[in-house]
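These are the structures, in structure tokens.
Shared between the two complexes below is subunit A, which pairs with subunit B and subunit C, respectively.
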Partner chain A sequence: MTNMIKTESVKHEYTSHTGKSIMALNGIDISIEKGEFVAILGHNGSGKSTLAKHFNALLLPNSGTIMVKNIDTKNEEMLWEIRQIAGMVFQNPDNQIVATIVEEDVAFGPENLAVESKEIRKRVDEALKAVDMYEYRKHGPHLLSGGQKQRIAIAGIIAMKPECIILDEPTAMLDPSGRKEVIDTIMKLNQEEGITIVLITHYMDEAVNADRVYVMEDGMLVMDGTPKDVFSQVEKMKSLGLDVPQVTEICHELRKEGIKLPADILTVEEMVVELCRLK
Partner chain B sequence: MSIKVENLSYIYMKDTVFEHKALDDVSFEIKDGEFLGLIGHTGSGKSTLIQHLNGLMKPTSGKVFIDEDDINSKTTVKKTIRERVGLVFQYPEHQLFEETVFRDVAYGPKNLGLDDNEIENRVRFALDMVKLDYNEIKDISPFDLSGGQKRRVAIAGVLAMKPKILILDEPTAGLDPRGRDEILGEIKELHETHKITVILVSHSMEDIAKLVDKIIVMNKGKIVFIDKPSVIFRESLMLESIGLGVPQATKLARELKEKGLDIGECLSIEDAKLQILKVLRSKKND
Partner chain C sequence: MIKDITIGQYIPADTPVHNLDPRSKIIITFVFITALFLVNTFFGYIYILAFMGIALGLSKISPKYLFRGLKPLVFIIVLTAILNIFMTEGEIIYKLWKLTITKEGLIQAAFMCIRLVFLITGASLLTLTTSPIALTDGIEKLLNPFKKIGVPAHELAMMMTIALRFIPTLLEETDKIMKAQMARGADFESGNMIARAKAMVPLLVPLFISAFRRADELAMAMEARCYRGGDKRTRMKQLKFEMRDIYASIITIAFGGLIIWSRF
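Let's turn to the complex of A and B:
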């Protein structure tokens, strides 16, 4: 396995408006393999977004190192390579769209990488097809729904041929169907294109699909493991101000009442199978 | 009667090529003290509807009554409507602007022309309702607060107007699970102890199921359903077809029933737990 992102004792400190110094990241060691789908959870202010911004050199650490495909993010000369390898999608779709026509927006990234125009045309078409928005290529982005706009933002990243996409709460402003569109797109890119995914989210059901889940608290990684490992620790997740999927909590409550169920049920389907076995 | 909407329609950019019917013959009534959930996918007309309820938007046709007053009639003073109907927009913290928390929350009451004493009482009441300590927070700049605290201050600014009807447009968007539970808890308390009529717009079916007495489901500018949560969430296929969903507990109960294990209807974790226990234990005793 090759490392996509590897960090060593990363610390990041900043000074708030009031002059107080805050340790946003306090010794992060994480290694994300190529092709992995990683979810990062944690309450607001736990350091998730700060960490994500280190993954493509939007922020640099005060101490420690971050390697993106073996390139040190502190190496300024490699900044464009790093940003091309690891693309980022943010929470608010309206803040990320720069052009007045969908396909021009998607072309913005490759244009800045000085890709030749024929190749740009090809990449834009492919990227729009990958997010299932090709038929909207001539539309104005302001006429699209939130989920569609986020998929355009993702297409803009894909057109840069990244190996890794970091998404910072990409579904926070979307309705249920918009959320599903975006998550399905991310899963598809991971499974079919082999793109490494780092997903930061407050929706526990989105993290259930990940290969690995990390939980942050006070700038540190406090839990990690498969979704089953992490979510089965219901009390610990709650003490960190987080949730578990509703069925996992139902399962936890039933286990407390002495019902014999496995601790690591994450989906409605698994729960149905287990309960039918008991009946 | 608290709110009555009669045949309300609203057309954006009427008589242009962009003409779009955002609300299409909407009628409903909300009684005093009700807790109502408003759901529908993005673009279904929810935000357009709530902006009609305090006179921010004027209907293309139809009427809106707040306590018998036709809010768009020439004789109704708009200011008195906005005092009665408090509207908390999405991401309300973007609207904070004053130098201190006190001044920000006091802005509304001040514009009502209240005296200093009453203004202070209002600010204390409002901050108390959102569980912020008056003495600790009043002199701080709202911009130095955390995201969850900023949102609370913004909501307090609306509560300081002492509205009879409180409308919140996705008050928990972007908050983490704890922040979400805290804000919803405060809204619930406000509704229970102060008998305020609440309209909650939300994309979270779990939150809606947990809190409200009645749900309005909107699609393409029309009301497709008004009923109790237990009745609405029976229609899971219809809800999915218009871009919505049902709580996971409800889905679990439905799928168990399909497999021959009927635990009845569930809206919450608590329901599911109790009903599954009941079914499993009664089987054991057979």
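Let's turn to the complex of A and C:
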């Protein structure tokens, strides 16, 4: 397997306008493989967004290195290649759409990459179909729902032909149906197109589908493993100020009452199977 | 309420006028406006009317829609009429205390009002038949030759695009903040001008803060999508002059010639 993103003891320090400095990242070592679906969890202010912005050179580390497909993000000459390889989707869909027509917005990235106009047309149509928004291509973005806008933002990244997409709380401002649309789109891109996904989220049920989960606290990675490994440690997650999926929590309470269930139940289906087996 | 404001009221359709290259349309509009100011007799307006008529007929825009655009500007038209009627010297027809109405004044007022109406409807016809995107693209392309003398063509076009993109978003937000403050007892509708202006301050402050935050996030998102100014950019839709642009130019040149000839 090849590395998509690899960091070595990355540190990042912000100085606020009062002159106080905050260590937002305090020695991060992470390596994300090509085609992997990674979820990053952590409570507010733990440094998730700061880390994400390091993955496509929107921020540079104070010390340590970040390699994106073996390119050092400090290499200024390769800046645009890095941003093309690692695309980024932000939390607020309204503040990342540039143009007044959906298809024009999707074309924005490839236009910046100086792709030829016929090829842009092709990529825009493909990207809009991939997120299931093709019939909205002539609409104004302000007339779309939050979930649709976020899918347009994702299409805008896909049209740049990235190998990795970093999504910083893409569902935080959406309603449940919008969240589902976006998560389904992300999963499809990961499974069908083999695009590496880094998903930052506060919703534990979104992390359940990941190949690997990382938990951040005070600028450090404090837990990592498969969703089953991480979420089965209910007490530790709670002490970090995080929830576990609802089913896992119920299971944890039942286990405390002495009912013999495995600790790593993440979905309702698994729970049903295990409960039926008890009799 | 505030959301109902529409700008750049573009009406999409598939007509020769809609399909004209935006650059042609912008230049034709300029020629039209120049011609309008060259006309010096009522008779000259016949040419203008004919030209407008052809354009309007081809564009299939209902005249009613065109005249609706005049509504917000009625005040300016009336003011122009009043100023011209009372301020022009000449043969007095009617005297009211210190104000006099002259024959020349009436003629001048009619002349100026017709000019204004043509000016406004002509410009509306451009925005009614050209999408904001095509318009900004056209402006960018037309300004490109002036880049050498420091006209930031691409930046201006980008600014216009972003402004157009964010006007609905910011209007929606204003609406939201207004409702939130009304729910807490704010009153935007009663009181005199000063009281109302004061009531707007708590509305504008959060709006400005949010606009700056949006600008910051948008800049970050644009950078993440490899935006680095206009130099190396390509475009998905390229502007292209077609046969119809040539026909339109011929008609416009003929029209311009007629206007100049009518002055002698």
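Things worth noting here:
We take it that the second predicted complex is superposed on the first by the 279 of 279 C-alpha atoms of A that agree within 3 Å, B and C clash if a C-alpha of one lies under 4 Å from a C-alpha of the other, contacts with A are read in each partner's own complex, and residues count from 1 in each chain.
In this section, a residue touches a chain if its C-beta (ideal position, glycine included) is under 8 Å from a C-beta of that chain, and two chains touch if they have at least 3 such contacts.
Here the structure is a predicted model, which means the values were calculated and not measured.
In the overlay built on the shared chain, the residue A:275 is in contact with subunit B alone; subunit C does not reach it.
Once the two complexes are laid over each other on the shared chain, residue contacts for A:247 go to subunit B alone; subunit C is not touched.
Of the two partner chains, neither subunit B nor subunit C is touched by A:50. When both complexes are overlaid on chain A, the residue A:259 reaches subunit B alone and has no touch with subunit C. By the touch criterion stated above, A:185 is placed in contact with neither subunit B nor subunit C. Once chain A of one complex is fitted onto chain A of the other, the partner contacts of A:114 are limited to subunit C, with no touch recorded for subunit B. Across the superposed pair, subunit B and subunit C touch subunit A at no common residue. Contact residues on subunit A toward subunit B in their complex (touch as defined above): 16-18, 42-45, 91, 145-147, 169, 172-178, 202, 204-205, 241-243, 245-247, 249-250, 253-254, 257, 259, 268-269, 271-272, 275-276, 278-279. Contacts from subunit C toward subunit A in the complex involve residues 131-133, 161-162, 164-165, 168-169, 172, 213-214, 217-218, 220-228, 232-238.
Interface residues of subunit B facing subunit A in the complex, by the touch rule stated above, are 41-43, 141, 143-144, 146-148, 173-179, 203, 205-206, 243-245, 247-249, 251-252, 255-256, 259-261, 269, 272-273, 276-277, 279-280, 283.
Interface of subunit A with subunit C (complex): residues 56, 58, 80, 83-84, 87-88, 90, 92, 94-101, 103-104, 107-117, 120-121, 124, 140-142, 156-157, 160.
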